[in-house]
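Read through the structures below before going on.
There are two complexes below, and they share subunit A, which is joined by subunit B in the first and by subunit C in the second.
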Partner chain A sequence: MSTQIRLAGVTKRFRSRAALSLVSAEIGHGVTGVLGPNGAGKTTLLRLVATALQPDTGELDILGYDPAAADGRLAIRRRLGYLPQDVGMYSGFTVREFVDYVAILKEITDRNERRAETDRVLDEVGLGDRAGQRIRSLSGGMRRRVGLAQALLGNPALLVLDEPTVGLDPVLRLQFRELVSRYATTGTVLLSTHLTEDVAAFCQTVLVIEGGQLIFAGTPAALTSMADGRVWTSAGPDAGSELSWRGADGRYRHIGDPPPDAELLSATLEDAYLLTIRSLPAQAVRR
Partner chain B sequence: MTDTITGIARRQNSPHVALALVETWRAVRHPAILLGAAVGAVLLIGPWLDLVEPTQQYVNETYDLIWVGWSPLYLGAFIAANMIANRERDGTTSELFRGMPADLAQRTRGILMAVAGPAALAAILAAAQRSLIAAAGGFTAGSRPNIAKVVPTWPETLTPAIITIGAFVAGVAVARTTQSRSIAMVFGGLFAFTFFVGYWMWWRFPFIVVVPAPLPYGYDDLGATLEQVEVADSALTVFDASSTTWYGIEPGLSVPVAGHLVYLAGVALLMAAWALRRSGAAPVRLALSGVFLTVIGVVTQVVAHYA
Partner chain C sequence: MTYPSGEPGVFESNRHPCRVSIELLREYVSGRLGASAAGALELHLIACAACQQGVAAAGGADANERARHESTWARLALDIEPAPAVAERLAIRLGLPPHVATLVASAPPLRTAWVLILTALLGLSVLAAYMGQGPAGTLAFLVLAPIVPVIGVAIAYGQVGEPVGELAGVAPYPAFKVVLLRTMTVVTAALVPAIPLSFLLPAVGPSHLLLWLLPAVAASTTTLAVATWIRPERAAAFTMLAWLAIAAPSATRARFLSSDELIARLPLFQPAAQVMFVTVAVLAVIVVVHRRALLGGDPGLGGLP
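This part shows the complex of A and B:
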């Protein structure tokens, strides 16, 4: 795996609060998912990689360029597709006008080329027939697809997507996964999500962030295996579990250290993620 | 997927030029500009459509209002520019655009260049106004018996375009100073009220040198009774009832008006430099050009006043 993004001891503070603290990681080609609870530092990490923020301390290397230098930052941005958590699109623009506007900012200055590229990305996200529609009239899911379309402009080598599947229905999420997976065959995708099923479905690597610290970096399978033997079921609550919830069948699913006679279940990525952010000390799981 | 390096492969034109084209088209279609242009046209062009000089409510009304009357367009240009430049702000696209190759300075430059649209619109309207006035034989300036028919000179006709440029650039500069559109609207409204609705308060030296709207004619204080002074044969006179004073006025003043336009262009360049500075650029040459033109414009007007 060739390293596309390298973070070394990266810290970012907002006033006195450390949003990221001494984070080090190496990210290669393919899809990397960033998991973590709200306020864990996922968005800060993605903003750093998207050159929207500069770290207070530590080093970043993105696609072989140093974002601390102006020319390095420009080189990264020319290879970047970025979808922030909240795009805040211009509601009075049509879909085509907005994507075309972003294409200009991505230095696609030739009008014909811009038109072709805009058509291509709108078709990619299934909005080709909505190009003339005003953004104010779009649903939340459609706006998200417009956001994704602008990120795909120019076939970027690096896609940074913050909560890209929020607001998408199951069918659109499937299409999104397929689209991103296709891009990731030769490029690098870094996305944050709350949805462990997204990570399980199409991420080759997963980073788990909690309290501004990276507490896991590895494959989804490796993360899942951390919960092997630590998930069990019972008819009622179990005081010994770290976390439990009642399923649709009325039985309880527990994670933690099971009792000797527990009825063990196969662990899922969600079990492992919950177990990781609930109980494991950072040093124990850091890879 | 091809690992296309979009910018490097496609940078035949700087993005601010392409952006300027898009923003120019959006600016001339902006409701504030269209409304301002429409109101100005109704006030200044409408009365001349039948090629007959309209009745003046007071002596020299047409001459006084010939450029000031376009103030709705100036205010529209300010509002439109501010709204265009402030589209990108916290809570909208500022976060998305931080990751773009075209940085804020380039984006601001593109919007500033879009001033060409509103300026062209103002120039066309002023040219239409002048053409109608000329076709009607001019407008009456001065009080009887010393009156004349006046047609604005072509350089003077540039005035609305230059003021529109200043207003548009001011809108961008204010947007790069504060993201609050409310503050910008209050500022623009107060400015327009003070210097365009209350234009007459400033039409005396030295204020006339630095306010936005130029005095389209020169004047001399001739005293309370016309007979007390020597009036040149060619001079027009205006009796100001409020001060019971006669003024001798001189139409077609190319030099002071041109000096004022140069001053306005300099101020516009300074405001553009400020907007770019606030966007992270260091527009030293632009700022120096602005200072140069401003000084030249002021000096020209002062010299013309004392000449």
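This part shows the complex of A and C:
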């Protein structure tokens, strides 16, 4: 794996709160998903990689450039497509005006080239026929697609997408996976999500963050294997399990030690993720 | 028949009363014809068999027909884009490249700034009209006019006003350049209509232009300088409060004076004060240039949460 993003001992604090603590990771080509509960530090990690923030301590290397240096930041930004969690969109813009505005900020200054590129990315996200529509009249899912469209401008080598599938219906999520997978054949995609199914479906690597700390980095299969032998099913509830819930078939699914009369099940990525989050040592959760 | 003699045989047998010349068809086939004319010709070609043969004779009967058609309509789409907004056209006329004009003028904060500035100026002129004969109207104009561009700067530059939010901060286009371009445009927009308006005030003629122009420039540049430490909205509030604190003692003394005495006797309008405003403006510009990396959302030296 050729490393595209390297974090070494990265810490970022907001006032007294540590959003990320001593995070070290190496990320290569393809799609890398960042999983974690709300407030775990996913957005902070993505903003650091997108050069929207600088770490308090530690080092970053992104696409071979140092974001701490002005020329390194500029080089990264020229190769970056970024979808923030909250895309600021002036509601009076049309879809085309918004994407066109971002295209200028991305240094696509030739009018014809900008027009062609805007058309291309809007077609990519299925909004070619909505180009003249005002942002204020779009649904949440459509706004998310407009946000994704601007991130694709200029075929960036690095796509950083913060919660890209929020607001997308199942069909659109499938189209999104197809689109991102296509980009990832030649580039690097780092996306955050709280949906394990997204990660299981198309991420080659997964990072799990909790309480500002990186608690897992590896393949989805490796994460899933952490729950092997720890997922059970039985007819009744079990107070001794770490997690236990009643499934659609009426039987109970347990994660942890086996309850009486239970059968072993194949673990899923979600089981492993829940187990990973639940089994953190106390000192890792507290800051 | 309008085709010139000697052209391919298709024309001899064509009895269609078509006025399209073979030169026009050649220009179309070679791609030299303008988008509007090419679009109109393509519509005509659908129904005119003679011209279809003419296109073939001009070398256009090849596999590129579809590409030629798409190129025509792509060029047409560019031609029929909505005209740029007034502010954008003005910026282009002033010599800015079209993409910079788009950045500067189509940004929504600038539109808001325009509205606010014009409203404020109208309010000032109405105020002056009502109170014009007394010192209160004159003083109101002289004290409030420098604040107008400061409000404009806060809106044009403030994070609230950035139309694409965080994206602007991580784009390769220099945020500092965008900030300065917008600030200059807003300040100019505020000052240009204010100058003739100030001439309408009985006690403030062309000779007194600098009385409020220099504080306006000093206040605008100070806002930018302070904004390298704190958020632009707060920087603007700071500057406005500082200016009002400086002007307040004058206001309390103004009621005992006539409009002419106001300008002649209040310290705020004396040459020493004008020199101070110039000094403040120069210092502010030095600070802005020195600390420019902190303007415009580049988080390189810290970053906002």
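Keep this in mind: the second predicted complex is superposed on the first by the 276 of 287 C-alpha atoms of A that agree within 3 Å, B and C clash if a C-alpha of one lies under 4 Å from a C-alpha of the other, contacts with A are read in each partner's own complex, and residues count from 1 in each chain.
What we mean here is this: a contact is a pair of C-beta atoms (placed from the backbone, for glycine too) under 8 Å apart; a residue touches a chain by one contact, two chains touch by 3 or more.
Because the structure is predicted, anything quoted here is derived from the model rather than measured.
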item: Clash-or-fit label for the pair subunit B, subunit C on subunit A; value: clash
item: First (subunit B), second (subunit C), both or neither touched by A:H194; value: neither
item: Which of subunit B and subunit C A:P156 touches, first, second, both or neither; value: first
item: First (subunit B), second (subunit C), both or neither touched by A:R115; value: second
item: Which of subunit B and subunit C A:P84 touches, first, second, both or neither; value: both
item: Partner chain in contact with A:F14 - subunit B first, subunit C second, else both or neither; value: second
item: Touched partner set for A:A50, first subunit B, second subunit C, both or neither; value: both
item: Partner chain(s) touched by A:R134 [first = subunit B, second = subunit C, both, neither]; value: neither
item: Which superposed partner A:T186 touches (first subunit B, second subunit C, both, neither); value: first
item: Contacts of A:R251 with subunit B and subunit C, given as first, second, both or neither; value: neither
item: Residue range of subunit B overlapping subunit C upon superposition on chain A, of 127-135, 145-153, 163-171 or 217-225; value: 163-171
item: Shared contact residues on subunit A - subunit B and subunit C; value: 50-52, 74, 77-78, 80, 82, 84, 86-90, 100-102, 104-107, 109, 111, 114, 150
item: Touching residues on subunit A, where the partner in the complex is subunit C; value: 14, 50-54, 68, 70, 73-74, 77-78, 80, 82, 84, 86-90, 92-93, 97-98, 100-102, 104-107, 109, 111-112, 114-116, 150
item: Subunit A to subunit B touching residues, read off their complex; value: 47, 50-52, 74, 77-80, 82-84, 86-90, 100-102, 104-111, 113-114, 147, 150, 153-157, 160, 182-183, 185-187
item: In the complex, subunit C residues that touch subunit A; value: 74, 77-78, 97-99, 102-103, 106-108, 162-173, 178, 293, 298-303, 305
item: List of subunit B residues in touch with subunit A within their complex; value: 1-8, 10-15, 17-19, 22, 87, 91-102, 107
